[in-house]
Amino acid sequence: MSLELTASVGDRGVDVALEVADGETLAVLGPNGAGKSTLLDVVAGLLRPDRGRVVLDGRALTDVGDGRDVMVPAYERSVGLLAQDPLLFPHLDVRGNVTFGPRSRRTPRREARAVADRWLGDLELTDLADRRPAQLSGGQRQRVALARALAADPRVLLLDEPMAALDVAVRPALRQTLRHVLADRTAVVVTHDVLDALLLADRVVVVEGGVVVERGPTTEVLTQPRSGFAAEIAGLNLVSGAWRDDALETEEGLRIVGEPAEAAPAPGEAAVAVFPPSAVSVFLTAPGGSPRNAVDVTITSVEPQAGHLRVRGGGLSADVTPRSVAELGLAPGVRAVFVVKATEVTVYPRS
Amino acid sequence: SGAADDPGDVLTVYAASSLTAPFTELGGQFEAEHPGVTVRFSFAGSSDLVAQLQEGAPADVFASADQATMDKLTADDLAASAPVPFATNTLEIVVPADNPAGIRSLADLESTEVRLVVCAPEVPCGAAAQRLAERAGVTLTPVSEEQKVTDVLAKVSSGEADAGLVYVTDVRAAGDAVRGIEVPEAGSVVNVYPIAPVTTAVDPSLAQEFVDLVVSDAGQRVLSRAGFGPPDATSGDSG
Amino acid sequence: MSDPRSRLGVPRWILLPALLGAGFVLLPLVAIVARTPWGRFGELLTSQASQDALWLSLRTATASTLLCLVLGVPMALVLARSSYRLLGVVRSLVLLPLVLPPVVGGIALLYTFGRRGLLGQTMEVLGIQVAFSTAAVVLAQTFVALPFLVVSLEGALRTAGERYEAVAATLGARPTTVLRRVTLPLVLPGLVSGTVLAFARALGEFGATITFAGSLQGRTRTLPLEIYLRRETDAEGAVALSLVLVVVAVLVIGVAGQRRSAL
Amino acid sequence: MSDPRSRLGVPRWILLPALLGAGFVLLPLVAIVARTPWGRFGELLTSQASQDALWLSLRTATASTLLCLVLGVPMALVLARSSYRLLGVVRSLVLLPLVLPPVVGGIALLYTFGRRGLLGQTMEVLGIQVAFSTAAVVLAQTFVALPFLVVSLEGALRTAGERYEAVAATLGARPTTVLRRVTLPLVLPGLVSGTVLAFARALGEFGATITFAGSLQGRTRTLPLEIYLRRETDAEGAVALSLVLVVVAVLVIGVAGQRRSAL
Amino acid sequence: MSLELTASVGDRGVDVALEVADGETLAVLGPNGAGKSTLLDVVAGLLRPDRGRVVLDGRALTDVGDGRDVMVPAYERSVGLLAQDPLLFPHLDVRGNVTFGPRSRRTPRREARAVADRWLGDLELTDLADRRPAQLSGGQRQRVALARALAADPRVLLLDEPMAALDVAVRPALRQTLRHVLADRTAVVVTHDVLDALLLADRVVVVEGGVVVERGPTTEVLTQPRSGFAAEIAGLNLVSGAWRDDALETEEGLRIVGEPAEAAPAPGEAAVAVFPPSAVSVFLTAPGGSPRNAVDVTITSVEPQAGHLRVRGGGLSADVTPRSVAELGLAPGVRAVFVVKATEVTVYPRS
């Protein structure tokens, strides 16, 4: 399922174009009111753009403007939408809500129930299966809405801030579940959280003021953000490699020690080590001491950032104070050691 | 209500709805003869009217379509003087203007092919129809027993029914949509209309004057034009 | 720019019964219009009796609709928002005028407000005589129309729920403010529906009126009574006159509909 | 355990008009009950005429309520969920039977389905004869009751909004499924209200029935017709008989109310 | 306004007791379904507990159970509640929603409008003032709900996840606004974000499974969490002092260089420096290099944590790998240097 979208919605000041390859997950980042939800509504068929096309695997689902007038109804698109507002059906209990999707696609009752119960289990909702939505907490409600959207098993999945109301304790587990769900599914995930983008998405677009201001592979956008919003939330160091002997080993043989985010990757599995530039200390010679990672680099640039300077070298960034730059004489061409503590580095498996 | 209306100038007449046309005309005459007096009518089914009078309706005169209803008034001591019969009415066959079933006599109504509507035996015109059928020795199998003459007329004039039994005055009032067929036996079943001033009358003498007008020759002329017979045409068993 | 939100619409097959229903309601109206003696329409309309009746009908139906609102909105609120056991019974009882044949309703009113009625004597002492006055017409119309307002408003209130009312309370709004600024605006479509129903029912009311209020021109003879009376002597004219009633209703409902879809 | 969510309740002053309204509706009922000749009640109830009429009334009112649901729910949906300009006009027209005096409604039906009516000839050719049959009673009741269902359901549909329907569509539910599993359950209170109104109106229907269907015991003479007829000879008996109608209504509305508050 | 609450709600499994002193802000942390919203509903008077008391400045607002039956209605409590679901009045525009509170308290129309416009301005909503709620994005809606709650000017303010739907870019500004609002107001803030707790609250309670499992001053709970949930989200280093010469100076004369979170504190203003234990490197002797903060400490404890060891000394914590501990021979009594980069330290003003 490859997805292609161009849409302009005049009264919301939205005019976007993007595409998602087959099996790819696209993260959409952007400030409030940027047009993220609008974009999903257009894809889901809930909103008719003034002009625009939604093409799924070559089939035009929406094609309006300039005399064209194709609008495949939402229920025929097989595009699932988890909206920002859970909107659970108030007259059905939790299980009834989750069974709704499969039942609507004529899945036999018993089978639909099995599907629902599996999702309820995965999202730790089994105990709540007989409750009415009015008897749930905010976070529980959001998880039920997610279960409902997933149980419908759409060909394209649109998730609008799937974890906004969730507590920090359940997020890692849920992220894990979503990784599995999204693994080989065409999907668009709206999020305010870089970590979600990093872990769930192959590519990222950043929407600001209704237009796409930045797009590209997740790692690229997050390491070298060009738009204001992305810069504000991203700018991470990412080192890709394989997991060997309890460390990440790059193709060049560099080893980065860090803490696996969730389950440790299997030996040899592709993984990525993530740490913020602020976690990187710069020395002229290796200092010893507790930090486990020391990378020899030649400095390539020193750029001012809000409140500090960003020093780049060897594909990595370090944020340091101007005073340090002065004291150490950091400048392009200078050889230095970037030091990062292992506890500052998170390692994620990359499927 | 009451004082504000300057009641001395208003005469309120409760009359059976079949009297609408002639009484409205008589009201005009009465006003002409009594300058400053306004005659107001409340037309409804006789039994409705009597029920209202029993609950204190402010009427001066009551004209009923049958004796039985008037009896309820007298039984409650609401009639100021003995009711006077002032008109009679007899039955007629009514058919649509084009008479699709080709009805010519009462006997033709016996056919089950003919869709006949009559009044229900509980209401005066129905009771009369029943007696008429008995007198003439015919058996009627109506498709509907209506509550009011107007309902019978509506069915016939719309062509829904092939024939009905109603009063002469009703056929007269219905105009061109229907045709009346006189029934020779009708003379033996006559309905009498009585009238009486009501005890609650604001101005009993004015009320009596209206009753007098109705039974006067002038009044009788108006009633006769509407198809009513004279009160003394009573024969047979209607008393 | 028009609303770009795409209409989800309704299942297409539903148009069939909907059109059938519309046809079932509209055809008889067409039939009436087709048979109306239009030549006499003007004369009918301008006759003193018709004008008195129309004017009286409009006045009384408006008055009784207002009375229905004053009494019915509180009743619907109490029924929808309180949770006493007894309310079930009260609800059933309050809705009874719905099924009572209107004439019986009129009799019941006579038994209550008439001279020999439950309250009649008390009222007579006070010098109030309701029956057979224009006030009686209003009472009769209110009696039959009230349950329509109550039932449909109660349904709307239950559908709307109480969540916004709770929010308003936490913002410091007293119940009266909540009612005026939250509850009623939220159920406006239901309130408009209910008011239209009540007005329509009051405007068309016949049986209870003739029984309780009588039929005096200019005083208690509303348009339906006039139509009924005219039918005795002039069936076609009666039907034509009822079209006047229909036109009035179209205007009222049309205007109400406008207001509602403007929301 | 009882629902611990505290009732916000309604402004206290609202109890005054609510009680006044309830009193206004209930007192006449009390007055009727007080005057009912209870001694004769049993005899009245068991007379063949009454039983025929009651049974016919129940059958026809049920049938026409079903017919109202079949035609009216689609009509309400189309009116509430579509956005064509023309709908405003259609809405007004469809609601006209509300104000048409029932007798005129009956005449309109005669003009349409009668032998010489718009459709009459066609129907006669097809061998269908409606007039003077029980079917005619059902048609007459449906004609007058339908707008009640449509209006109150449309109000409820507008109050409920379309958000849940959109969610259902993104879950792959086709419009028919959405209707059955989302829309109707959500507006159930309004649907119940509308059905109660329609049933009540059908049960109490008199004018259109007698005009269109006539009045023949066991066939077209429903309880209201029987009550009117009996009134000619036995006013007290008629009032007593109308209490039967009231009891039937209490049962129906009570049961419906139970269902509704169980939600 | 001092607030006291004890409440047990049987069918939600909630049984809590807490108090908030006059002018104090209390943060409530806890996982989904813990009972946080339930607690606020009880205080606001929307929920009648099975047994419990809500006492505001000595006046019992709720007092039920054991035959007592006091339930002051919500509108007489002057307790404002920003619920999890914005629930904006759909029939009023944004300004109408925000004016609702003041108008309900009989503020004259003109004045109410001025109040509303001020809040709309503060929350950057002025451009949206004439929109209906249905025409807003999720984040905009939440901001309007906040403006509406604040404009009502209640004596006690209850905020349920006030920033859940907000994008990361507007959060700092909003946090700033909330700091002013909550400064001398009795308030309870439910949040999933430690930063919110840290910046807005004087004290914290942690609710888990319907009961309070931990309570105390914010800094204490966040630096030395005892409950599982708090440990998962907190465990920060906090250093209090005053802002002098672009650094935080403690009473003992220790200077910590860091980046002010929002506006820099005024010279001499009380402030707190915050950094996670993972950002602290341990050396046996000061290493030189870019890191600007080096604190001499004597190690007091070494405790295992998930995946690493937590080394404490001088009131600070450092998370290091077991291998570093072994290599450096870190043990209680050993003298060491805790090194933190300035860019890892965030400095917040403490009012």
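So that you can tell them apart, the chains are marked A, B, C, D and E in the order they are listed, and the count of residues begins at 1 in each.
Here is the rule we go by: a contact is a pair of C-beta atoms (placed from the backbone, for glycine too) under 8 Å apart; a residue touches a chain by one contact, two chains touch by 3 or more.
All values derive from a computational prediction rather than experimental measurement.
Listing every chain that touches chain A and chain C alike gives D, E. By number of C-beta pairs in contact, the leading pair of chains is C-D. The greatest centre-to-centre distance from chain A, using averaged C-alpha positions, is reached by B.
Chain centres here are Cα averages; for chain D and chain E they lie 58 Å apart.
The centroid of the Cα atoms in chain A and the matching centroid in chain B are 89 Å apart.
Across the assembly, chain E contributes 45-46, 73-74 as residues in contact with two or more other chains. In chain B, the residues touching two or more other chains are 51, 154.
Residues of chain D in contact with two or more other chains: 8-9, 107, 111, 117, 166, 169, 174-175, 178, 186, 228, 231, 235, 263. Residues of chain D touching chain C in their complex: 7-18, 20-22, 24-32, 34-35, 70-75, 77-78, 81-83, 88-105, 107-109, 111-112, 117-119, 142-143, 146-148, 150-152, 154-156, 158-160, 162, 165-166, 169, 174-176, 178-179, 186-187, 189-194, 196-197, 200-201, 203-204, 206-207, 224, 227-228, 231, 235, 238-239, 242, 245-246, 248-250, 253-254, 257-258, 260-261, 263.
Listing the residues of chain B that touch chain D in their complex gives 47, 51, 115, 117, 120, 122-123, 142-147, 151, 154-155, 158-160. Those residues of chain C that touch chain E in the shared complex are 163-164, 166-175, 177-178, 181-182, 185-186, 188, 263.
The touching residues of chain E, counted against chain A in their complex, run 30-34, 36-38, 84-85, 136-140, 143, 160-161, 164-170, 192-193, 229, 232-233, 257, 259-260, 277-284, 287-292, 307-308, 318-321, 323-325, 328, 330, 337, 339, 341-344. Within the complex formed with chain D, the chain A residues making contact are 44-46, 73-75, 78-81, 83, 87, 89-92, 100-101, 103-105, 148-149, 152, 154.
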